[in-house]
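In the two complexes below, chain A is the common chain; its partner is chain B in one and chain C in the other.
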Partner chain A sequence: MSFELNGATYETDEDGYLLNLDQWSKEVADYLAAEEDVEMTEAHWEVINFLREYYEEYKIAPMIRILTKAIGKKLGKEKGNTKYLYELYPGGPAKQACKIAGLPKPTGCV
Partner chain B sequence: MGGGFRRVYPENRPDHGGINKDEGLGESGARRPHVASLQQFGGLLESKRVYLHLLVNPYSCAINFAFRYIKRIGWQNQMKGSGMSSENKINTSMIDDLESGPWPSFVKDLKSLATKKPAVGQLLGQLNQSYEDRWNYWQGTVLNVDGYGGGVIARYSELAEKYPDIAQFHTIRIIPPAGWVYSTATLRELCDIWEKHSAGIIQLHGMTGDILLLGSDNKSTFDAAEELMEHGWDLGGSGAALRTLACCVGQARCEMALIDTMAIQTHITNTYISELHRPEFPYKYKFKISGCANDCACAMQRSDMPIIGTWRGPMQIDQAEVGKFVDGHGADFVIDNVITRCPTNCISLKDNQIEVDDDNCVRCMHCINVMHKALKPGKDRGATILIGGKRTLKIGDTMSSVLVPFMKLQTEEDWEKLTDLVERIWEFWGEHALEHERVGEFINRIGLGAFLDGVGLEPHPEMITAPRSNPYIKFEELAPGMLEGESGHDPAVVNEEVESMESTNS
Partner chain C sequence: MAKKIETDELTGEIVTPNIEPGATAHYKPNLAAQEHNESLGFPGSKIEGWEEKAIGRMGELLSKYRSLKVYMDTCVRCGSCADKCHYFLGTGDPNNMPVARQELMRKVYRRYFTPGGKLLPGLSGAEDMTGKMLDEWFSYFHQCSQCRRCSVYCPFGIDTAEVSMAARDIMNSVGVGQKYCNEVLGKVLDVGNNLGMEKPALANTLEFLEEDVEEESGVAVRYPLDEVGAEVLLIAPSADFFSSPHIEGFTGYGKVFHEAGVSWTVSSYASEFANFGMFVGNFETMRKVAQRIVDAARELKVKRIIVGECGHAWRVGYSFWNTLTGPFDFLDPKHRTPTHICEFTLDLIKRGVIRLDKSANDDLNVTFHDSCNVARGSRMGDKPGGQFDIPRELIRSVCNNFVEMDQDTIREFTYCCGGGGGLLTDELMELRVKGAMPRAQALHEVMERNGVNTMAMICAICKAQFTKVLPSYGIGMDVVASVHQLVSNAIILGGNRGV
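Up next is the complex of A and B:
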């Protein structure tokens, strides 16, 4: 599968995750967010930016616990929980936020 | 679909041609004799609108119900004209044997449901093919209801071309009421909702304790979840989350119950509903609550944190009733079935009177079960908190072992002490465990001593899971003589102080 944006073609897997992670840009993120019916706000970007920073450093998506703690540290304790993250990304921070951030699809059994 | 988790048995893959189809034929029936429907009870439970069929699993004491919602009159006519009875469409030769015998049969149940829901016929077809090919054709993946990180177990069929109606065959987990007490109106409502949106299979209850609703597709999963929530149901736990709790019937229906299991379950569910819906642990975490050591919820085997009712101090003995029991059954019966079966030999019978050495009693409940009029648990009641039961993953199956020997669990303040301990465990385990590491495996890896330090508990002799049993024990005073071939010594007495301290952390 693939989609086109501003003249460039982006290959994705069957669930819409970018195959070439280097192709990610803010515009791509906006496009992917629109596909997911997520309206990107400052709060949404905080999560995306953290995910990308973490991925660049460790080459793996952070465990949810690390994500909530980091968000809590940055934005205050009342936001450092999964409930807040699911309010931003109803499809789940692992699945939906990683997709918009251009990270690989989370694997593993449920 | 990438990202799925599956078994790989390359030598058995059908396309590798490694299957001997004659091997093991006919065994499939014998493998699962306990999974079947109480067809013969159908008449008792049948109402004008609902068939209730019980699936009973005697081994785990769990009760499963399979529901059908078929009008009785139309049922047999439909069977005659359906694809199921024509046999040439769906081959069920490998599983037909499961219909025979006096016990319940899920094949029989599903076949009759198939007259109404073609997907169920195809489900049996795929199961049959799985037995023939020795290959599991289900692919698992993630499906989220908005705002939930779990509760839906998504399954895609690899044989979707052959069995199009089960291309997507998902399971929804629903939190049941504590103690599994329902009104019939509630069950009818559940049946109505589920019949509308899916293949209509309901399992009461899965090993998890949830109500399992099987057979929805990508879209109907959301529709059904929405309608269920409108009627006050909520999704259960799945994945690396707190799982739906389960408890025995407790004080609602059992005189043995020493704690209010249903209240504790409801309290924990409500307190940690966020952890239940949104996975944030290294891996799953399960509570199961039993009112006494009979452990009808099988908490010790199948939960990370069993809470089991117990008591402190002396057992209550009604010697007049003891006398009646002995007169009625004979002293031999009492000795054979009560006295000699005490695991710590702490009970004795003298002149038609029972004596119990309460210091050595381990509260196993056996004597109380047999002589339930004469003997009763003590009056100071509470719970033992255990930790670490699980099935095989990083290490083999483990049963739980004691973490807190006794804790009062009567008031909300008592419950707070429990939830405080739970949170310390989650914090320490969440911070230091490996991915997919259950708390029992975590303790196995780091040692109980380190775990107790981490969660702030003092070591206690009750925490010993098993007395030391390895043969490499030094008997200093015996060793030289034995080496020279000398024999005839009395057996050495183990130095209790040293040995018990060592085994605490083994």
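Up next is the complex of A and C:
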């Protein structure tokens, strides 16, 4: 599968996750978010930025608790929980946010 | 955003649906890519002359596993199983009646392996192995979660799961694999876990947990990695390093070891208890995954293996490990191999080794969901029924409020969560939501009647599946809990008396 954006072609897997992670850009994220009916706010970007930083170092998305704690630190303790992340990303912070962040889909019993 | 999936209204009743032929014929998992198949030693894609090869593989399985032949021959189509499958109850597709699902293989079996089917196929209900048949296999043998509820009601004890496993093995042998399972198996055999989490990430995750628990409790609980000479090798499903409420359960394991004063370690080489080799029905793949655990146990020079909350892997560990990779005579013979974390913790509680404050769980009103492969594929402890009684006794010892769901939906009659057997993948979401209907109904009943707000369980797939699908029924994902999360809430840290 693939999609076109501003004249470029982006290959994805069956579920719409980017195959070539280097192709990711903010514009691509906006496009993927729109596909998911997610309106990107500053808080959404905090999640995406943290996911990408973590992935760059560890080649995998972080455990949910690492993510919630990091978001709590950035946006305030009352927002450092799973419930808040699901408010931002109703499709799940692991899967939907990873997709928009251009990370591969997490696999396994998740 | 995914479209909303229609669900039955929650009434607390599990009603047998009207039959809708072909209702789910379009449900199919993604096909495995060449690299996924080849990494497991299967052909990369559908091979030339696949029909003949598939029949050849069926013949091999029939001669290797007498059980499969017995299951092919014995069914009298009495229909006892027809309304016992959660996927039939949730979808109404008659091919999801276990008898009809098995019939997809029986028709082919009769055609090639019985005299009547060879000579007079039309009169024998025999059919050729064709592309259309393979399509039906790929669809409907991936609408079976291998939960074996139907087998409990079968007067002959025919095991549908074994039939589904054989069908998937045959499909893999001709290059028609399922992406979700084969990709995950590739990762566990390459990296050591289903997530593909490499050692630095695992180390970072465990360090985070240490800091987090200490911050919260003031007690330095360790979550060790690759420590040679530890007494216990803890093998958890890797979802315990990633998702919620899995991680809350894993946090609890560490607290239990801490209070018991037992040294333990996680292995980066074998950081996965799950074994999808069972789901794809392939003995050699299942053996290779299990072998990593034995190799890690030897390397780390541990005395015993304790395993975390994972349903199908408990079946593999309890029922198959000894055949796959035994004997475990290098471990301390005083302990069962493997020991389930629930039996380990309950024993410590009974002996007064760890101290508890049950009131920490007083805001919870808890029920227990039996996971299919624990309930029907294994035992636990040293008494029959231990797989039912030990988790319940453990919950009751850390919680004041416990309620059972309807008796037809618990213990050996439990319903699958709807995501077991290698079906926990997004493209099957509609099936997963609909297949969760029976459990959602039973849960709804105790939520309404008894004010239950927590459903505890000991399976990583069940936890992931329910947090994802229960919201479709209007039930919040926060009802889903790990059993050791309840332990973690109640355990008094620093009360350490040691074993």
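What we mean here is this: the second predicted complex is superposed on the first by the 109 of 110 C-alpha atoms of A that agree within 3 Å, B and C clash if a C-alpha of one lies under 4 Å from a C-alpha of the other, contacts with A are read in each partner's own complex, and residues count from 1 in each chain.
Rule of thumb we're sticking to: a residue touches a chain if its C-beta (ideal position, glycine included) is under 8 Å from a C-beta of that chain, and two chains touch if they have at least 3 such contacts.
Note that this is a predicted model, so its numbers are computed, not measured.
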Which of chain B and chain C A:58 touches, first, second, both or neither: second
Which of chain B and chain C A:36 touches, first, second, both or neither: second
Touched partner set for A:87, first chain B, second chain C, both or neither: first
First, second, both or neither for A:106, with chain B first and chain C second: both
Which of chain B and chain C A:14 touches, first, second, both or neither: both
Overlap of the chain B and chain C footprints on chain A, listed as residue numbers: 14, 63-65, 82-83, 86, 90-92, 94-95, 106-110
Residue ranges of chain B in contact with chain A within the complex: 1-5, 140-142, 144, 146-150, 153-154, 238-240, 274-275, 278-282, 430-431, 435-436
In the complex, chain A residues that touch chain B: 13-14, 63-65, 68, 81-83, 85-87, 90-92, 94-96, 105-110
For the chain A and chain C complex, residues of the former touching the latter: 14-15, 36-38, 57-66, 69, 82-83, 86, 90-92, 94-95, 106-110
Residue numbers on chain C that touch chain A, as the complex places them: 1-2, 30, 179-180, 183-184, 187, 193-198, 200-201, 204-205, 208-209, 212, 237-239, 241-244, 246-247, 274, 310, 424, 426-427, 460-461, 463-464, 468, 477-478
